[in-house]
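Before anything else, here is the set of structures, which you'll find just below.
The same chain A turns up in both complexes below, where it pairs with chain B and then with chain C.
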Partner chain A sequence: MSDDKISPASAPAPAAPQKHRDPLALIVRFQSLIGLVLVAIGGIIFSPRRHGEILFLNPDNIANIVRAVSETGIIAIGMTFVIITAGIDLSVGAVLGLSSVVTASMMISGGFGLIPTILAVLALGIVFGAIQGTISTRFRLEPFIVTLAGLQAARGLALVVSGNQYINISYGDGPGLAPPVFAVLGERLFNNTVPVATLVFVVFAAVATIVLNTTRFGRYVFAVGGNERAARISGVPVSMVKIAVYAITGFAAALAGIVHAGQFNFGSANDGMGYELTAIAAVVIGGTSLFGGAGSMVGTVAGTIMLGALANILQLNNITPAMQLLATAAIIVLAAVLQSLVRRREGLGR
Partner chain B sequence: MTAPLLVMTGAVKRFGGVQALRGVDFDLKAGEIHALLGENGAGKSTLMNLLSGVYTPDEGTIEIDGKPVRFNNPREAQAAGIATIFQELDLVPSLDVAANLFLGRELMRPGGFLDVPAMRREAKKRLEAIEIAIDPAAMVADLSIGQRQVVAIVKALSYASRVLIMDEPTAALTVGEVERLFDIMRKLAATGVGIVYISHRLEEVPGIADRVTVMRDGRVAGITEPHAPQAELVRLLVGRPLDELYPARIKAAGKPLLSLKNASFKLARDSAGWQAPQGVSVDVHEGEIVGLAGIMGAGRTELLSALYGTGLSGRWEGEVAISGKPVKLDSISAARHAGIAFVTDDRRGSGLMLRMAVGLNLVMSVISRISPNWLVSPHRQAEAVKESFGQFDIRPKNPDIAVGALSGGNQQKVVLAKEILGNPRLLLLDEPTRGVDVGAKGEIYARLRALAAQGLGILVASSEMPELIGLCDRIVVLRQGRNVAEFMGGVDEHTVLAAANGREA
Partner chain C sequence: MKTIKRASTLKAVLLAGAGLCIAGSAYAAEPLVKACAKDGQFIIGFSQANNAEPYRQHVNDELEAAVKEVPGFTLQIADGAGNVNTQTSQVDNFITQKVDILLISPFEAAPLTPAVKRAMDAGIPVIELDRKTVGDPGKDYTAFIGGDNFKIAEEAGKYTAKTLLPDGGEAAVLQGLPSSTPAVERLNGFKEGVKGNPKVQIVAEQAADWVPDKAQVAFAAMLQAHPDIKVLYASNDMMAAGALLAAKGAGKDVKIIGTDGLPGPAGGIEAVAKGDWVATFTYPTGAKEAIEMSKKILLDCATEVDKTVTVETTAITAENAKQLMGK
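For the complex of A and B:
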């Protein structure tokens, strides 16, 4: 459910005083925040120590966690809009790859400046997403299929643009070099504490939270996912809203692609492989329903960071990536089971 | 009388903070048809779900033949002999009758192959046992609702044969089908099956039930004879005597609002089964409630959805005017722009966002009004919600709970309140009280009349003849997409039915 609070209409309920919410519903509402806290506590307990210092809490380590999740986080923010409309966007990882390739090649071989490059790449993402949204609404196709095709198309385009080569980004003035300021994406600000990539993620998340919870458009997004036919009858411009949410995921993927290129100083057609699934996982752990109509941005942010923190603590303990995958799987299932339990308690079916 | 077959004592069931059953005693004898009445939200469905193992009671006991039982799932209830036929029949439309009857328990030949002929023979035998002629090889999708109901009964009885629970089995049936269903129920009861018959059609009770339990607010309000006077049943149902279901007509008809003259809706593509309006002439004046009558498929729903642009795509030909000005009604936005609002007959499918809060649903049609500058104003939203709660007595009086958790009557009030918030000039209503209990019906009728008195024009399609006759100022009868007759409100039912069926009265 959205975070909007409606003040009680008139007199309070006559008979029984309004009982407090089902505790299970409260847990689910804040499941990703609770999960984040639990993972953090687990992190502290199980963290390796050096000279008595808890490595998990080391500022560098924390900066690493939030930096590592910033790209999938940006994508998950966009994905939250799509999933609230009961849609899905599988193309985002590929669009990230396409965007990082285009970013690198525009600056390096194209000789474009920083601002034109960024604007062009963001526009590319928006257009790519809007096309997918348009195809899906115009021909009434499942977004799953349309964005699966979009995934292939974006990877294909990225291969064409890059010629299946890594495009290295070197910095300097003059042709064939990227403006040095672009490298800031891989750095940290504020006394070398806050990664710039994280800052982009946080600002994007903040804007998205405001858009989702306080604007007319945000309300439309919930309406379309809540019941598309009812929304249409109520005068909601359903097709426009759907096209817009895919444009948003496209934008988010392009933004993440730019950040990716800036962090790693190259663009490759294989960038962002599988990011769509990590992002979807973060959204679901964050309490957004795949059935649409319910979800929260804060949940998505917490879900994203929780997955990152979990991976980090397992890495610190030298636990294999295989185990990390299994742990992630368990958490996704747990989050889904909790939501399903609440739906049943509310008597709203499975 | 024999000892009860099934006894439920002190059943309590809570959902979150809501207490759906507050200590209910219920019993059923072998060979008895026991009607269970109650308004929406009275706890009938919860009671049924406890008996059929969908839910387990928080408190209380269930006994069968004097032995306590506890069902953790529907399978255990079936094993104990309890079969349930839900409103949404659990049949697979794309399979044939025999395949449905044996779903999950298919008869096999050696080697793991389906023994289709054996299943069809057995299915035929079972159908004939209750003297019903349905081809076991027919697709369920091709059967009428009444025939599907029979298939569902036969299927349920093949699982479990002592207690049959039927949830509003007559809701979608025609008069003839209801009679046939009652015949089957009587035959089954004669063989010793105990039947719990859930309904809110009071008038059916004397014809079929041996005993009546009325529920209200999660409790048993009373147990009576089926031949108790209707007024007594109503008093038990709503907890107070209900004087007049329909409000007095007020002469308020003003200037012409909607006028259709020889108007036809030309479909962009041919569509079988969609009875497009053809040469319809209908007027609705300000302050007037006009009813659309007609048999199934006469084009009532289609006329409304063509006016509102929710039906198949196409365009209007002939004269379509609002307040004397010709309008092009070809889309929802055009209709809304013309001041038309529409309330669907399918509130769960296309009326409400079930999992979203009541308040959010209410403001759905006025989102732009509550979000000047594109930002939703919490103040305006609260005002709008308050206005709706002032219009209708929506229970519980809490805009924050999911609308799907409300009873049918309250959900319908939310759908109506939502559209009325948009201050329409013309309100199109399709089956405005389908699945709504008597108390809520009375409130909805009163509210509609009050709105009409303020100048709202209302065009209402309904398959409930008493509703049209009681509520409307005028009734237009449609047949095959055309208007064939028109009557003043209060006309007798047979006259309207005759016109709808194309016979002389």
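For the complex of A and C:
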């Protein structure tokens, strides 16, 4: 079931040519897929059963897993671009909150229609990201600092827009009501099996995979992260690429914010608190190097779903949230250690 | 002849039986849970809004204690961690597990409403604790159990007007997070309560967002501006603790009232027992009531339960604090 849904994302990702092929590098390349398979096997083995049915594999349960991770997944897709350029974007969770608030208030108090609202919010995300990218490249500031400031700015703006209140989204025709079609984001399609939020995630992942692996822009992203100076000398518009990747994370966060508002009929300045860290974890587990220059979209998708499946199986077995945090921590460390071992073998250790 | 008669008797019996069935389904309401049984094994899933808040931890503890008393009941608690997405997926997981009853304190009302509906549609009774989702109890969810913030604060106001300041004097209020529902209700309730004594003046009210450090700063400033404040009403125990520090720092003997009445070394009951505060008014968790209701539904096959249960507050003062400390 879940395999069906991620299949567009796992469409053949042309492997970047690598000279040194050793088994460890192969494991790292597919670590999150391997991890996902391991978690799935563990899920099946340890799943509670009811009347002989394995609850973990229940279609509803699979739908729960992929729905729950869709927002952080969308963000993680954007984050993958940034991290491949050796950057980081801490503002995404806050931009999600800002976007959900703007979505809710445009439709409820602003009286805007569905399409103008969605376009405006996506544009807002792109502009917000591009501004961060521009400040970072123009003044040669660490993206960590710039996006940390961006996080505060986005939360502040969200509080201003919402007037310190949360905004409920009610549906119907007329002023103060949102178009009912927007609520589809919280529903499931195809005979009540596939959550719409998951579809958005899968489509976005598919587009991002194609952009990263087949376009010139995708090659530039890898080049900037691999060796910025070499990229500059060989004519890559480094600054433009960097600004673009932050615009992409801004877009992704805005898209996740729209999905959030639609799923929960609600916009709050506190939405998406801490999502940036979950997204970064998913990207790192997915095998994308924080040093830049290497990474894969398929890995990020697998990493995202793996974290969701892990949380699910722990709750189905009534294991405390503390264990979930500890398990996630162990997986992040393991993923990072594997990466660092490969770098050392290839003589790239820093 | 005989055979014909027998056939018609059979027919009559069948008809009567069918009639009874129709009457049965029309008049005798079905139990809320079909698989209910005196000696059954049942799982109660509790979807908690955020374990990080001391009050919510206290709810979990009381629920665990109450469930232990009932053989056959198992409690599973999922921590929504203050995140509506997490909490929604946890409710969905409970539905997948087919828990027998869902208890929930929704982190926010509207976002958790669809998840509660899915549980009800799946035939799982939903008891909402302390916070509600959108809709009506008895229809959109089975029941609501909780305290009444306004009444609790009103009790504190009356206590101030009658017992603490019968001859009048200055009082101050520390409010919770502005625009949050309990903060507004507790502020208005206290004001209503002190109205009984016109000689009591509320000279200052400030928001300290439920946290002790902000309460300390705010109350220190209040005492600078109004050195004659005799009573402080804090809208929760944490802010009362902060206010105590400010009063000690200023060398003032202010009578402090808390709200929530949490147990444990950091809670209000012990502070009253030690004589640091004059009183705290419990915000009841409703845990015992929720498990009682679960017993009615699952063990006694109840066909209906009270739609709304308001749990009364207890005033904790020097007289009963020591006795309540062990509980």
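Convention: the second predicted complex is superposed on the first by the 328 of 350 C-alpha atoms of A that agree within 3 Å, B and C clash if a C-alpha of one lies under 4 Å from a C-alpha of the other, contacts with A are read in each partner's own complex, and residues count from 1 in each chain.
Keep in mind that, in the parts below, a contact is a pair of C-beta atoms (placed from the backbone, for glycine too) under 8 Å apart; a residue touches a chain by one contact, two chains touch by 3 or more.
This one's a predicted model, so the numbers in the text were calculated from it and none came from an experiment.
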Quiz item: Which partner does A:112 contact after superposing on A: first (chain B), second (chain C), both, neither?
Solution: neither
Self-check item: Superposed model, chain A: greater residue contact from chain B or chain C
Solution: B
Quiz prompt | First, second, both or neither for A:30, with chain B first and chain C second | solution = neither
Exercise. Applying the touch criterion given at the start, work out whether A:46 contacts chain B, chain C, both or neither, answering first, second, both or neither.
Key: neither
Exercise. Would you tell me the residues on chain A in contact with chain B in one complex that are also in contact with chain C in the other?
Key: none
Quiz prompt | Touch list for chain A against partner chain C, complex | solution = 48, 50, 55, 58, 60-61, 64-65, 67-68, 71, 164-166, 168-169, 186, 260, 263-266, 268, 270-271, 273-274, 311-312, 315-316, 318, 321
Quiz item: Which residues of chain B touch chain A in the complex?
Solution: 15-17, 308, 310, 332-333, 336, 342, 344, 349-357, 359-360, 364-365, 367-368, 371, 374-376, 378, 381-382, 385-386, 388-390, 396-400, 402, 404-405, 418, 422
Exercise. Spell out the part of chain A that touches chain B in their complex, as residue ranges.
Key: 1-2, 4-14, 18-22, 25, 214-220, 222-223, 226-227, 229-237, 289, 291, 293-294, 343, 345-348
Exercise. Would you tell me which residues of chain C are touching chain A in their complex?
Key: 51, 76, 78-79, 81-86, 88-90, 92-93, 95-98, 108-111, 113-114, 178-179
